[in-house]
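Next come two complexes, and both contain subunit A; in the first it sits with subunit B, in the second with subunit C.
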Partner chain A sequence: MSALPNKQPFDAGRAAYLALNVALLFFLLAPIVIVLVFALNPTPYISFPPVGVSLRWFDKFFGSAEFMNALWLSLWVAGCVLVLSILIGGASALALARGNLPGRAFLTAFFMSPLMLPAILTGLALFQSYLLIGIGRPVWGLIMAHTLVAVPYVIRTTLAVLHNFDRRIEEAAAVLGASPVRVFFEVTLPLIRPGVFAGGVFAFIVSFDQFPVSLFLVVPKGETLPVVLFNYMKFDLDGAIAAASMVSILLALSVVLVLERLIGLKAYVKL
Partner chain B sequence: MISRRKALRAGAGLAAVGALGAPAIAHAETATLKITTWGGKWGDIMKATVLPAFEKEFKCTVSADQAFPFMPKLQTSSKTDPLYDVFHTNSNEQWSALTEGLVMPKITAKEVPNVADVYPYAVSDKIVGVTIFTSAIGLGYRTDKGLTKPTSWKDLADPKLAGARGGYLIPVNSLGQAHLMMLGKIYGKGLTDLDAAYKALEQLKPIKLVDFTGQMEKMLLSGEVSEGVIHDSGVYRYDGQNQAVDFASPSEGVLSLEQVLNVTPGSKLRELAFGYIDYMLRPDVQKMLAEAVWYSPANKKVKLDAKYDAKLLTTEAKVATLIQPDWKWYNERKDDIDARVTKILKS
Partner chain C sequence: MAVDGVTLDIAAGEFFSLLGPSGCGKTTSLRMIAGFELPDSGRVHVGGRDITDLPVHRRDMGMVFQSYALFPHRTVAENVAFGLRMREVPRPEIGRRVKAALAQVALTGLEERRPGQLSGGQQQRVALARALVVEPPVLLCDEPLGALDRKLRQQMQFELKELQKRLGVTLVFVTHDQEEALAMSDRIAVMNRGRVEQVGAPTEIYERPRTRFVADFIGEINILEEAGQARALRPEKIRLVSVSDARVAGTVETANFLGGSTLYRVRAADGRSLLVRETHAGERAPRGTGDAVGLTWNDSDAVKLES
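Moving on to the complex of A and B:
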C-alpha cells in the first residue's frame, strides 16, 4: 500500500503573500494587456470588447516617416545617454564611495538632485540656459539633459554594489603585484559591472521614455518619440498610439534581455 | 609699388569684410522662417503641400514647430530674438501673448494685403493678430441613440444624458472655457456672468471630461458619450466614413474657435512673416486647407465645393451666428475660474 502524499497544512500567511504577489503582477501587467488589445483592435477608438484583430495600427506606425524618425532619434539619444551615464555615473559612484571626499553626503545628495526636481522644470531651465548662451537646441544638448536625469540611477546602483564590495580582494591583487590600473580593470570593474550596467539599463529606459525634459528641448523635425506621440494624441487618438507604446515596451524589454545575456544582470539581483 | 606685406594686409582686410558680410548674404539666401503650427491632418497638409510651395515661392525655408507648448517656449526666448517669427495659436493664447508683449496687437491690410478680404470677425476687437480660419463650437451627438438633434445649448443638460455627456477640463482646454462663458450667456446675463455659469456647470454633472478635442471625437465615435461640446470640424472630418455622429449648431449661436496668426515684434524676418500670413490668406491656400480639415476660411473670396460650402461658415449670414468670447477678460480671471470649476467638477 502506497503512502499517502504529505498534505501540507493551510498556511494563511503564505496564501496572503501569494495573493499579494498575484495582485501586484496584475496591477503591473494589466495596463500592458489593455494597450496590446487597443493596438490590435481595428476600430479607430478605444472599444471593449475588441471587434477583431488587425495590424493596421502597427502598419501606420511603421509606415509613418514622422514616427520612424522620432523612433530612431529616441534610440540614438538613449544609446548615447546609456554610454555617458555609465561613464559619468560609474566614475562618480567610485569617487563617492572610495574618494574620501570632504562633504561626501552633500555630494551624494547633489548628484541625486536631478531626481528631486520636477523634470519639466529641469527641461525648462535647460531650455532657458541654452537660449541664453546662444547655442539653440542641438541634439547634444538634449543628450546632455537626458544624461543629467539618468546619471543618478547609475550612481545609485553602483553605490549599492560598492557598499557590499569586499575590498580585501583588491588588496590581495595589489599584494600579488598588480598595478592600481590592473586592479581596477581586472578586479574592481568586473565586480561592480552588474551594478553599473543595471544603472545603464535604467538610464536607457529613462531617456527613451523621457517626455518632460524633452518637451522644451526638441526642435522641429527633431522630435523624440514621446513628444511626437503626445502631439499626435492631441489630434488623432487612434490605435497608432497603442502600437507605438507596444513597440516602446518591447524595445525596453529587448535592451534588458540583451544586457542580461551579455552581462548577466541576475548576478546583481542576487547581491 | 605695393609691397607683399601691404598686399597681404589688404587681402586680409577684404577677407574680413567678406566674412562679416557673408552671414548677411547667407541669411538672405537661406532665411528660415520659424513658425508654430498644428499637427494631425492640418500638419500633414502643411508639410506636404502648403509649406513647400511657400518655400519655393519665397525662396526660404520654414521651420515649423508642432510640439506643444508654444507659449512657454516663446515666453522663455528673448523678445529681441524670439523663438518664433509667426505665432499660430487659438485666440485665448494670443491674448496672453499680447499681455506680455510677445505678439503684435493687430495685423492690418497695410502689412498683409489679403486682410482686406477677411470677414469682420477675423479682425474684430476680440482678435489679436488675424484669424485665418475658424471652427464653430457647438454640440456633437450620436445619431443612433434615439436622441433628437440638439437645438439649444440647454439640451446638453437633459437628464437623459447623465453620464453620457461630454465636456472638457476647463483649466486646460479653450473649448471648455468658451463653453463655460456660453453657460453664463444661456442661463444668466451674458458671457461674463460667471455665477450663472458655475450654477449651470453644476447641473451638467455627471459629465465626462477630456483634455483634448481629439479625445472628445473618439468618445463620440465609440459611443462613450452621446452628446458633447465640440467644434464642427471635429465631427465633419468623419463625413462619408459611415460614423453615427453629427454636429448641431444651437439656436443661441455657436462659439468661435479661431485659428489666429500673428507676428512677434522682435522677429528679424517681419516682411517674410507678413508674407507668410498673406499667403495663408490666399483664396487657393484657404480652399485647400478648409476642404482638407473642415475649417471655415476667413477670406470672403474663397469658393468652396458644394459639400463643404453647405456645412461651413462661408457667408455673411452664417458668420453672423459666431459668438466671440472676450479672452482678455477671461484670461484676467483665469486662476480664480480654474480654482472654482475644479472644485465644482471634483465634488
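Moving on to the complex of A and C:
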C-alpha cells in the first residue's frame, strides 16, 4: 500500500502539543548537551561556541587518583545499596501488601518517610546519631544511610506490582502441588521481580548521585564522587567537572540498560 | 461470605454443580474443598479419607478458575507441566503427558506461546489441560466458563462434559448460571445464603422444587397461594384452553415470542398475574394483548413448596 500524502488543515491543538513536546525534550537534553560541549572543549572555562574538540579533561579525570578513588567508592557504595534496598524494600513491600499488619497505612507512610524529609536533614541527623553512638563515619554507615533513602523507591515500585497481582495465580500453583516456599520462588518472585528491579535502578542512581546525605558522612580520603566534585568546584571550575558528569551519566545509563537487558524492565520502565 | 451447615455427598465420577446467586456460599464451599478456607467445624472427606487438615498443596486436586490464573511468565507447555514438575515426574514422561494433555484440549502447536498471546477460549483450555494432566481424582471448577461469550460457552459446556465423562473424574462445578447447571450436571445443589436449599438431578430440581427459592431461581415460575399452601407451577405446564373449559379465565397482558415458544403474561379475573408458556410444536394460534384466554393445568403439576 502506498501512503497518500496526508493533507490536513492546520490544527492548533496538535501544533501546541508538538511545541510542548519539543520544549520538554529541549529542557531535558539541553543541560546534557552543554555538559558534553564543555567536556570536549579544550579551554579551561565555559566558552561558546566551542573552540575545538579534545579529550584532555577526560584524561585529567581518569588520570586523577582522587577522582578515580571517589568513582570506585561511589560505584561500590551504589552497588551495595542496590542489593540491600532490593532485599529490604522487596521484603517490606511484601509484608505491607500481604502481611495483614495492623496500622498498615501508617506503616507504609513510615517506610516512605525518608522521601519526605529533606536529604540534608537526614544526613545531619545520621551524622549526629553516628557520633552519639560513637561509631564514627565508616563506609558501611554511608551505605546504610544511602539505603535508608533508597528503600522507599523499591517499596513503591514493588507495591505497584503487588497491587495488580492476581493471587489466584498463586492459588493455582498451590492446588497443583506447590508448597508455600515453591509458590514463592516459582510464581510470586518471578512476577514481582521487574517491579523490584525497577526500584533497584532508582536505588542505584539515588545512591550514585547522592550528595546531601553523603556530605555529612564521608571522611577525608574516603569521599564519594559527588562530594569530590563539589569540593573540586569550590577551587577549580574546568572541564574535568564536565568530563566527570558525562562519565556519571553514562554509568547510570548503562546500569539501566544492563538491568533492562537482564530482566526485561521494558514493561515497567519505558526507555 | 459464610456457609452454615452445608453437607454435600458427592459420588465418584459425578458432575456435581453448586448453583446459586452471588454471595450464596458456593465459592466458599468450593474453596473449603480445595483447602483455601478452613471450616470452623465439620470435615472434608475424599474417597473415605479425611483431608480437612491437609494443606492445599497436598490435597491432590485439580482446579480451574474463572480468571484462568495461568502463569503469565511461562509458556503453555510450562504451564501444563507445572503440576507434573511439582510431583517430580521424570522429564521424558512430563513431555509425553503435556503433549497428550494439550492434544486432548485441541491445543497442539501452541506449546511455546505465552498465555497473553492466546484467546480467552484457548486460555480456558490451557487451564483445563494444566488441571487435568496430573490426573486428579477431583476437579474443582469456579465459574470456569463465566468469562467466555455465549457461543463459545455452549461449545465448552459440551466439551467439558464429554471430557469429564471420558476421564471419569469427579467434577465439582460452581456456577450462578442455572441453564449451565441444568445442561451439564448429574446433580445440582442449589444454595442460598450459606445454606443448601435442595440437592437433586436437574429434572428433579426443575420439576420438583422443594422451596420457594429454588422454584424462583431456576427458570420461570408461578407461585400459587391456596389456603396457606404455596405451590409452584411452571409456565409450560399451563395449557391455553377455551374460557368455558378453564380453571382460570383472564386476558393476555403481554406476549413475548421466543422462537420455539411464546411466553404470555396473563392477568386472571381474580387479579393474579400468571406466566404461561406455549410451545410451538403444533399449529400456532397467536394471541395478542387484550385477548381473552382460559387457563388450566393438572393438579399434580402444581408442586407443594415448603413454607
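Following the convention adopted for this analysis, the second predicted complex is superposed on the first by the 253 of 271 C-alpha atoms of A that agree within 3 Å, B and C clash if a C-alpha of one lies under 4 Å from a C-alpha of the other, contacts with A are read in each partner's own complex, and residues count from 1 in each chain.
As a working rule, a contact is a pair of C-beta atoms (placed from the backbone, for glycine too) under 8 Å apart; a residue touches a chain by one contact, two chains touch by 3 or more.
The structure displayed is predicted, hence computed values, not measured ones.
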Exercise. Sticking to the clash and touch definitions up top, decide whether subunit B and subunit C on subunit A clash or fit.
Key: fit
Quiz item: Thinking of the overlay built on chain A, is A:S254 touched by subunit B (first), by subunit C (second), by both, or by neither?
Solution: neither
Quiz prompt | First, second, both or neither for A:L215, with subunit B first and subunit C second | solution = first
Quiz item: Between the C-alpha centres of subunit B and subunit C, what angle is opened at the C-alpha centre of subunit A, expressed to the nearest 10°?
Solution: 160
Quiz item: What is the contact status of A:R168 with respect to subunit B (first) and subunit C (second): first, second, both, or neither?
Solution: second
Exercise. Quick one: classify A:S113 as touching subunit B (first), subunit C (second), both or neither.
Key: neither
Quiz item: Counting only touches as set out at the top, which of subunit B and subunit C does A:M233 meet: first, second, both, neither?
Solution: first
Practice problem: Give the label of whichever partner, subunit B or subunit C, reaches more residues of subunit A. | Solution: B
Practice problem: Once the structures are superposed on A, label A:S179 by its partner contacts, choosing first (subunit B), second (subunit C), both or neither. | Solution: second
Exercise. Rounded to the nearest Å, state the minimum C-alpha distance from subunit B to subunit C in the superposed three-chain model.
Key: 49
Self-check item: In the complex, subunit B residues that touch subunit A
Solution: 38-43, 63-69, 72-73, 76-78, 83, 212-215, 217-219, 221-222
Self-check item: Contact footprint of subunit A on subunit C as seen in their complex
Solution: 34, 36, 55-63, 65, 67, 69-73, 82-83, 86-87, 127, 130-131, 134, 140
Exercise. Over in the complex, which subunit A residues touch subunit C? Could you list them?
Key: 166, 168-169, 171-180, 182-183, 186-187, 190-191
Quiz item: Which subunit A residues qualify as touching subunit B in the complex?
Solution: 43-47, 124, 127-128, 131, 215-216, 218-221, 223, 227, 230-238
